[in-house]
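Some structures to go through are shown next.
Both complexes below contain chain A, partnered by chain B and then by chain C.
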Partner chain A sequence: MAGTMSAQINKDRIDANTIPLSSILVVDDEKEFIQTLLKRLRRRGLQCEGVFSGEEAISKISAREFDVVLLDMKLPDMDGNSTLVEIKKIRPATRVIILTGHASVNEGLEGIKNGALDYLMKPVEFESLFEKLLTAAGITSCSQSSHVIDTRK
Partner chain B sequence: MKICSGTVSLKSLEMKSSGSYYAWQKQLFVLVVIVVSVVPLIIISWTASDYYKKSWLQKTSLELSGLAGSRKEIIDLFLNNQENLLSGFTNLYSLEYLRVQRNLEKLFRAMNKSGVIVDLGVIDHRGRHLAYVGPYKSQLADKNYAAAEWFGEVMQSGRYVSDVFSGYRNEPHFVAAVTDPAKSWILRATINSELFHSLLASAEVGPGGDAYIINRAGELQTPSLLGAKALSAEELAMLISKNGTAVRLTEKYIYATVPINKGDWTLVLKTDINTSLAEFYMARKRDMLIIAAASLIILVVAILLVRSMVNKIEEADKKRMAMNNRMRQVEKMALIGRLAASVAHEINNPLQIITTQAGWVDELLDDEDKKQLKNYDEYRDSINKIRGNVKRAGEITHRLLGFSKSNGYERKEIDLNQLIEDTAALLANEAKAHRITLRYFFEQSLMRVITDASQLQQVFLNILNNAIDAIGQDGVISISTRSNGGHIIAEFADSGPGLSPDSIKKLFDPFYTTKSPDKGTGLGLSISFSIMQRLGGDIKAENRKEGGSIFTVMLPAY
Partner chain C sequence: MIINALKNFFCSNKERSETEICSLRRSFQDHYKSFRSLLTANNIALELMAEMDETLREGQPFSMAFVRGHCTALTVNIYKMIQHLHELSNGKYAGLARVFDTVSEKIEGIIARQPKIAKGEFVLSMAEVDIYSTDQAGGKMANLGEIRNRVGLNVPDGFVITAAATKYFMDSNNLQDEINRRLKLMDDGDLEDLYTTSASIQQLIANAHLPEDLEQLINKQYEDLALRSNSRVLVSMRSSALGEDSSSISFAGQYRTQLNVTDDMLGITYKEIVASKYKSQAIVYRMQRGFRHQDVVMCVGCLSMVDGVVSGVMYSRSPRDPRSEWVIINAAPGLAGQVVDGRAMTDFFRVSRKSPFKVISREIRTHASSTMSDSQAAELADIAVRLEEHFGAPQDIEWSINDKGKIIILQSRPLAHTAAVEEQPNNDETAESFLAGGVTASTGVASGIVHIVRSNIDLLQFPEGAVLVVAHPLPEWATILNRAVAVVSETGHVTAHLATVSREFGIPAIFGIAHATEKLKNGETITVDALGRRIYEGQRDDLLKNAAPPSNLMAGSPVYKLLEEVLRLITPLNLTNPASPYFRPSSCETFHDITRFCHEKAVTEMFSFSSRYGFDEKGAKQLVGDIPLQWWVINLDDGFREGLDLKDKWIRIDDIVSLPMLAIWEGMTAVEWKGPPPVNFKGFGSVLFQSTMNPSLDPAVRSSMSSKSYFLISRNFCNLSVRLGYHFSLAEAHLSDLLTENYVSFKFNGGAADESRRFIRVNLIREVLEQYDFRVEQKADALTARIEKKSAPFLIERLKVLGYLLIHTRQIDMVMGEQGMVDSYRKSLMADLEKIVNPAKENVT
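For the complex of A and B:
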């Protein structure tokens, strides 16, 4: 059920009317991933920015507030968990979703202990990632959003 | 590096594990026990036997020479007596008196009261027989003894006991003769041979023994008790060479010799060694039997002890080897876990990029005019295939990463029976499709376990999946649970074909699979192994005697 509904989201473009503007920061050292991800998120009406390192992420977050931070655990300059701790120090309200290539429960648990909202394991389908981001941003849950789309049709 | 050192010691263990090694050890130990216990026993008994034999012979020799000594005294006393008696008569009576037959008879009767002499004669210095009393009157009257050997001897020395000779009467006899103080005549008596022989016959030389007297020439002076007519050449040579008091040992006999009759004769006592040693031989036989029995007991005990000991060692070695194999497996898993984790991580990033890019193309295709794009459907299809395969690769990397989930796991009290049933229920449809029956043999009062239910469930799923694949079509999977000491054990027995020896060895190795590549990755059981290690339990696989394999999952109870 959920799968087919996600597919529907994929097909239909969601505009700013159904999903309120929300700011998302993606932190990952894989440039090709970030670039495409940002394009796709923007296409769905999300406001987002991307940075490639922990330092950049911290300075960005110090400069302004983001609703959700998608944080890769492996960064070139510092490890994800300490970046997470720093982010939480600066802005405790920021919701952080961890994205990790290591499918280590341990790493995820540590992240959650440090205040992360959730964690995802690479490779993750865009739809699942998108849902998590929406949920974290407090916009809508997966089923609700598809319900909205359905009624809109 | 640890793995390397581990394999070296394992190799040596594997060498030892061959049955012949332990059989050889058994033989060696038994041999050692025999050498250190039975051999000394035999040596001691042999030397003791030899010693006892020697002392027995010595004792017998002493007894024999003692006997010879006492016989010598008796015989010498007897001969002296006769000589003294005759000498007394020659002093008392004159030749004129004794020539008278009547007087001589009187004397004969006086002397022969105890029957020691056979006859009595008076002979003048020329050898003429002047008077005679005795049974050989007809043969001996008027005979001249001047040529007789004994006559010469007695005329010279005054008194003489002759060797045995036949003389005029043609019968072996010996005489005692004495001259008067002036050596002008001779009083001669023939000694009663029977009486004399009886002095020897009573000598206790035992059965097979003999007692006789020989002269200087080695001629028998008394009949051999055994009835020998003459000495054998061997005896003759031995006894003549050294007359005098002596004890001689030959192979078969002990000879005790003692000179008698002023050294003219030798008394020989001979005893049969075998007869006199009979008692000793009997004792030795008994000892040998005891030693043989003791040796047998030692041998049996040694064999039994060694067998049980070596079996225990073999068992311990096997256990140690199994433990080492286990350790090696654990080390291998840890190493593979680290390797797998880093590889998976490196692959997960590109996979993420691929799926994101493909998704992006898919999304952009929405903007295109389907009619303008000739291969629109092909693009969609291709993109979906890319995403599907990324998903598949992602599943594999996630399973690989399952190795490195090091400590983070839930700890909840679970009902193992319930968990197994729930897990089996997930596969119920598949089992039904393959006509496989699931049977449960649960111990109802099973102890509770505190562990990670989802990880344990993964282990059970892997085992059950394998069981279904192993059976293929039509079969039974029996699941039983029980408590055993501080452990809770779940056993999964299937009616499949069982495991090959190669499979048993490599079963828990990552990527080892007997299934076709699209059906299995070869990771299920190795991950299960890692999980069980992590949960503080264990998993093993064996073949059942009745066919099929059995997987045993062990968990510590709390």
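For the complex of A and C:
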């Protein structure tokens, strides 16, 4: 039984064909962070873009739909929660995951109240972030995704 | 009034002019000010020393910041004492500055000591690594190299980026100073601050520039690896920190491991792993276990990925019984990561340690069929025994079996015998427990309120002293293990990292209790009995009283040793006898010696002020009258009644007008001293103030010391020091119309024969003082009590309490052996005090 799994293990990236195309928007003012993250996400077959400010995020989201938005709370132009509210106004169905370097219970609670799906703290292990993104994008259910991650660890 | 007093003071001499008197008055007041400042610095210094001493003994976690902060404060106060003595004595004891410089430089040297980082190659291939490369490759990779190159077992091919490389990377970006600055600013009691600081430091490192030459070396090693493997292999990158994997210190699962790294991500991933030294759980762990951040240096192993079909963890012996004759194997399908991160259920095998390594028992929990064959289990057990023989101690081994059936060793380290509990079949459940089952991940009993952690927001709100309840025992929960009293998880087993850290922190943990997050409710109080694998509602004192006392987590750790080393320069007292010719600055070896010397000489200088200006030789007058013991009084300013004949060497209590002294005296004499044996001063002092710092002190030396008890007084001030040889106790008070200047302070050093008696006495005194509104701080057997900013009438009543206690606690010696006697003594003591003290004189503000 374990043998059947081995075929899937360690074949690097999840084969792009096995994951339906989905789109992720990463909003963060840290350029290096965005670059590394986008590289890793693309390698795993996810379509993604990055922007550095709240304004850019809102105009991107007005222009087209994203499955998941990964949102930093400290942005150069506006704070994360107001960005979140704007995003939800434009596209209520967009799922937003907060990813912040400034841990704060109040900010987190407000985020959840404003409709954020999850509150993550930097730095997050890529595998567990990837798992959350897949779940949020509706590509895998919770149990399936954790199964995928487990066998890949 | 002061002028009058001084006129009287100096009247024994020939007539003086007004200006002479004026300058004398100023001179006296300067002396008096220096003297009081010196006493203050002395008190602070002794308190700091007691605090450091107690911290070392108590075993509560303390950080480098504590050691650094206390040493700095102590150094400042010792320096102040030397300065004040300098003022008092007109620079008579210049030699002290030299001693001070020597001692403080040594202390500074110890605190600022930098870890030695082995010089050498930045990158080493696995073929070049063995146990002798530990300083370069870190424990984990050095062991793995040893297993490959000397034991001859299969390990993944690859290379190590060394400590020298990490130092080069950090230095070339000048990162350490900035990191230290951020850590110093961090409030480690504040979880939000902890996570934010941790994130900012990790981002700082991840964004730093990787020097080109280092990057090229890493890439070159990867190309060699790809050549050997005939493909552009994926690698796993693992931390291998210096100082990791010693037997009782696990650093379990704190740092980052990145699997499936492609060649273009080597540099970025390397930086992320170096940064993971500052993960929040790693910061907490180091503080808890007494490691300095700067002593941990990250090395990074890059190993080709293993196609693990079955993986797991094995122990060459039972962690509970080092003599056990079987190997314990946990196995699960897939890679090893899930076994140690606590998520997977595992199959459990107990295999004989002797050829042919028979399977003694097994528990299959993963799937319907077993994860591996008996022959594979036997092969694993054989390896476990070989590794134990090679390394000379029981081992904790991570392994994988690949699709070709080959066993590959991923890690081997000494097995921690920290009360790990082997899995046992579930006991029958009794009706009274609320929840039962699972496995004992860490033994113990604890009670607290339930706090279920499902999200990071729950995590950030974790209350101090709560029970952590989770679905899975993920390694990142370790960040709050220093706040939790117990851990309950729905899944997981004893080999999970969180179980290891729980055992190390001495926190009871039950893993594998189904539906715990549904059945337990936030905020309800429960008692977790980890050994019995039961959870009870409410606080069960009957179970809690059997809980083992917490162990000293810090003992033997680097920060603990550092504090010990520093204290050797601080607390030992070599200057014990003021009458000895060796009682001089050049004999001072420690800060304690300096405080002792400064205090002694300052008192002498104050006493001799009068003689220097040509009056009465001793300055001190002995109290006469129908009084117990011998007491000496020194008038600092206006403490004697006007018109007193100052030539006299004696003084009566009626001649004294110092308000605080009179109050203390009233307390001392209100109830007749009954306790036999008849007490002379030496007897009184030796019993009451025997030092604890130097228990081996020769009694002959002690008895040769002619110490006296002195009241230093002015109308509003009194400093009573009851001294004996090398130790002293103080009562001090200042009473005036200005509330902000008013205080009563009291210092008491326990100092009787054995520790338990000493504590009974100190506790009793504490109890009494607290009843009379003192703010009491107890540091080991030393007690400090204070009341500040209260009205003079209020403080006078409290001074009576001190006076009474100074005389009458002598009796506790005879009774403190038995609790019953202590109780009856407490009653008579409180009854006396009720008669003496007028509690109606409440504070008027």
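The working rule: the second predicted complex is superposed on the first by the 130 of 153 C-alpha atoms of A that agree within 3 Å, B and C clash if a C-alpha of one lies under 4 Å from a C-alpha of the other, contacts with A are read in each partner's own complex, and residues count from 1 in each chain.
One rule holds for everything that comes next: a contact is a pair of C-beta atoms (placed from the backbone, for glycine too) under 8 Å apart; a residue touches a chain by one contact, two chains touch by 3 or more.
Fair warning: this is a prediction, and the values are worked out from it, not measured in the lab.
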* In the superposed arrangement, which partner chain does A:Y119 touch: chain B (first), chain C (second), both, or neither? -> second
* Asked: Which partner does A:K74 reach: the first (chain B), the second (chain C), both, or neither?
  -> first
* Touch count on chain A, higher of chain B and chain C -> C
* chain B versus chain C as contact partner of A:R43, first or second or both or neither -> both
* Please indicate which partner A:G101 is in contact with in the superposed arrangement: first for chain B, second for chain C, both, or neither. => both
* Looking at chain A, which of its residues have contacts with both chain B and chain C? -> 10, 30, 32-33, 36, 39-40, 43, 101-105, 109, 121-123, 125-126
* Structure fact -> Listed in rising order, chain A residues that touch chain C in their complex are 1-3, 5-6, 9-10, 12, 30, 32-33, 36, 39-40, 43, 100-105, 108-109, 112, 118-123, 125-127, 146, 150-153
* **Complex contacts: residues of chain C adjacent to chain A** => 191-196, 199-200, 202-203, 206-207, 234, 256, 258-260, 262, 265, 268, 272, 275-276, 305-310, 333-335, 337-338, 341, 343-344, 367, 369, 371, 403, 455-457, 460-461
* Structure fact -> chain B contacts chain A in the complex at 341, 344-346, 348-349, 351-357, 359-360, 362-363, 366, 387, 390-391, 393-394, 397-398, 401-402, 404-409
* To do: Sort out for me which residues of chain A touch chain B in the complex.
  => 10-11, 13, 30, 32-33, 36-37, 39-40, 43, 74, 101-106, 109, 121-126
